[in-house]
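Which chain is which? They are A, B, C and D, in the order written, and residues in each are numbered from 1.
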């Protein structure tokens, strides 16, 4: 097992950057030095209350200035609402870094990052890291429902990424969903044999994975799961394994959150 | 210098250094929380419920948060008793804390077989029988809700082992004291109270149950008042030691159970929220005893006062 | 313009304009919340549990907050059926909502006598029988936990009134469906599920129970998953309408119960926190139906889907 | 029943003024115009959480500038801890004004206010009001455990009150408990027949009430009780009545929180 810490950190900033979307930063030398792209943290919100009860998982979104970690999150329920109420100097307890993280492609490989909505959170950190090792420009497809949700465009451009954007309502970028871009790309550039990294809604991931499997491409998807412990203890975050007799279920917190696309039984998803 | 208080208690013949135990299913196979503290500091470790054959568990989602509660339908996913003994147990060699296996069978015969298998394993200090798992359709529920069935399971396990046998009760019964008395008569050396409460949640958007298994077991702070009541009811009806479980998050929760009459307590769901909960409780109980000038924790067990009276007069004797 | 959805439901012969009911003991004698809204907008008002003789209630403290829950040992403090009818009922004349009395007796005879007394009072639309109060030592508990006793109480009330009779069950039983079927057979026209769960709390500093009565009944969000499970179990076992109660704080909670199969819901503890809860739920259910294009709320009752199937196929018929 | 409102108010300030003791202010024309000394508000803390579940009762501590209400509170548990985390512009829902309030003495009567710890909260508002009608100077006895807890001395002096202070450890004022002062006072000035108003810990109130009864003085005590509804509905906040066959228990939220000392059965307290 990798090294895991519990640390109380003091929030440096916590600000809204898009529709219901917030960016939070804090410093931690230990976590920053251990963290790999695709790993996540468990954040404890209930210092003064037992509701919400459980910690909430958030991907490590970015590491900056050596020791500043950032979380990118969307308000979807009471935990994330409480998180958005925290202000500079408030402290939170985090556990991490957790999970396996992405397998980094080789320097000569073509890499394609596909993010749906908040899926961009871990892929940003991945892009930061890939940039350091990759010879070819990274390609990224980014999909949102509508222009108000679109975030991080400038920051991603600063990373010198080949970026394409879709919105479902066409209010910004190409009209459609992010997998449309993949369709097109595979028609055009299948021969480049890209390594695909994807994070986003489960149905998007299913589509990406199935396309990758059909095209015989290496593809890593970052999954979510309902987590209690995040340490492989509770067996709550199960996801059905594809044809693995020894292990009918993987656990997202330990075996994942990143899975190679053929590991998962996509039928039941 | 002040001398350290004696936190040791006796659970049906098993003397343990302090009354803090990690609950089955919430502490893995014993060493998963080593990044956070040395498990040797715990009173007892109870490992994940084991069955004869490995069990895959239920399809996800298996857990859902409810107000101050956790609803789980893990479905007793486990690697099976044999793999546990062969692959997991050896890695616990450095841990200086008794290990208790929690066992679950589909039939009385399976329980008896597991007891036999465990008998030969020195490292396992005692057996906790789960007759209360609400997540598995067949069998499980029935044993824990019927005094005769509960007694028969207990009897068969007791007959097949020389180790202390603890029976873990289900709260989903009309009168828990009837079941408690039945397993006591059948030879149980201690009783754990309580396993999870049956519950359910619905996703309003999809109109589907939030758990694929539809029904789950509720744990966490939400159940604490009910668990405490059940412990109260059991301690006033049996003579063997009772282990309190349900919603314990800190040493004050632990003390509530101990005051009511629990000789030890188990920490479950709290391990997920603050992995150091159990060890914090050991530390805080020590501090509490020092502050309150309690030299031996047995002085607190069953010290509940009602109308100025010491309610559970027999509390102390249970640990002698 | 969109037409307003039909929220009316039928509770064992009593047709009500919407499925939102205020729970006994949490809405006083009917007009205490008038500063906050017009009770005429509610589906039904169930008043504080009444007994033949006034009852003083338990010594304080009577209430204690627990994690997401409220533990109460009010002890059925009430002014008695006669005083209610003579002094309180007339003041409710302006409220255009059916009033249901919740009754509690120390013996079957007392239940029957109360039913007789209520029979002559036009303003009272139906009777809810409390066979489940956990706070009063004698009687109460026994009726609700024993199918025969529950049936006999039901039978005697039904025989002494022409008004619809609703039986309110206790959750503190091994199998709630057995009690439900017993009271259905005895003539109950509807069933309320659930009353409070038995619980307890201890003051660590004084080592005394926090409630003078030692034991209390747990309500509020903490119990919602368990109440929902019990409703699920009852609706799949009886044909009469079921009213869901337990931890409902907003329209989404209400919908969970309705989707599972409750024909109406009761708001209890939430009245204390946001006095407008019940009326907010009426408004939000209306909005929900408009948004989801549900023209009649009966279309949602029992619409729970499990494995793509409509689970409670019989849900709809209950309200015809 | 008096008029009662539910209102969401925006916090103007919330600051610590003593050991674990905080002062919070907000504006409400409606509440300020209705409120009487001795009445209280129920404050809802759990906008984003269900724990704490119930509202918490706090006395109306002061009304200033026509429409500014203040609460004075001590952190004793999770609700008050959460309250102290609120900042300017945060909003809370309050219900009130609740309860009966103090019966104001006649202009010629001598008034004696006795506060133990947080008991000073409602007595400050009472002193403000009495000042407007009283011909004689108000006397106030104020007791705390230790000097760090002592608050409001200057504000009370500004009200031109005849003030005596005790601390149990003698770190400020007279060493002892506040009822010692009463003992002495009654020895000295029983003939002035003061009307006593008291608020504080229950054992202090019991002592004051029993002394007042023995000396045949009018005495009003403000009690606490565990409250759920605050509207006479739940019957939770019972307090044993003294020899009242029609009403074995009073309800603090409705019949109180202020009781004339002879109304209460002090034996069971």
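Going forward, a contact is a pair of C-beta atoms (placed from the backbone, for glycine too) under 8 Å apart; a residue touches a chain by one contact, two chains touch by 3 or more.
All values derive from a computational prediction rather than experimental measurement.
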| item | value |
| --- | --- |
| Higher-contact pair (C-beta pairs counted), A-B versus B-D | A-B |
| Rounded Å distance, subunit B centre to subunit C centre (Cα mean) | 34 |
| Separation of mean Cα positions, subunit D and subunit B [Å, integer] | 46 |
| Shared-contact residues (touching 2 or more other chains) in subunit A | 46, 50-52 |
| Where subunit B touches two or more other chains at once, by residue number | 67-69, 220-221 |
| Chain contact graph, described as a line, ring, star, complete graph or other shape | complete |
| Subunit C residues within the subunit D interface of the complex | 25-28, 32-33, 35-36, 48, 56-65, 67-70, 72, 74, 77, 220-221, 249, 269, 271-276 |
| Complex contact set, residues of subunit A against subunit C | 50-51 |
| Subunit B to subunit D touching residues, read off their complex | 67-68, 221 |
| Of all residues in subunit D, those that touch subunit A in their complex | 46, 48-52, 78, 81-82, 85, 87 |
| Residues on subunit B engaged by subunit C in the complex (per definition of touch) | 66-69, 71, 145, 172-175, 197-202, 204, 206-209, 214-216, 218, 220-226, 228-229, 232, 247, 252, 255-256, 259-260, 300, 303-306 |
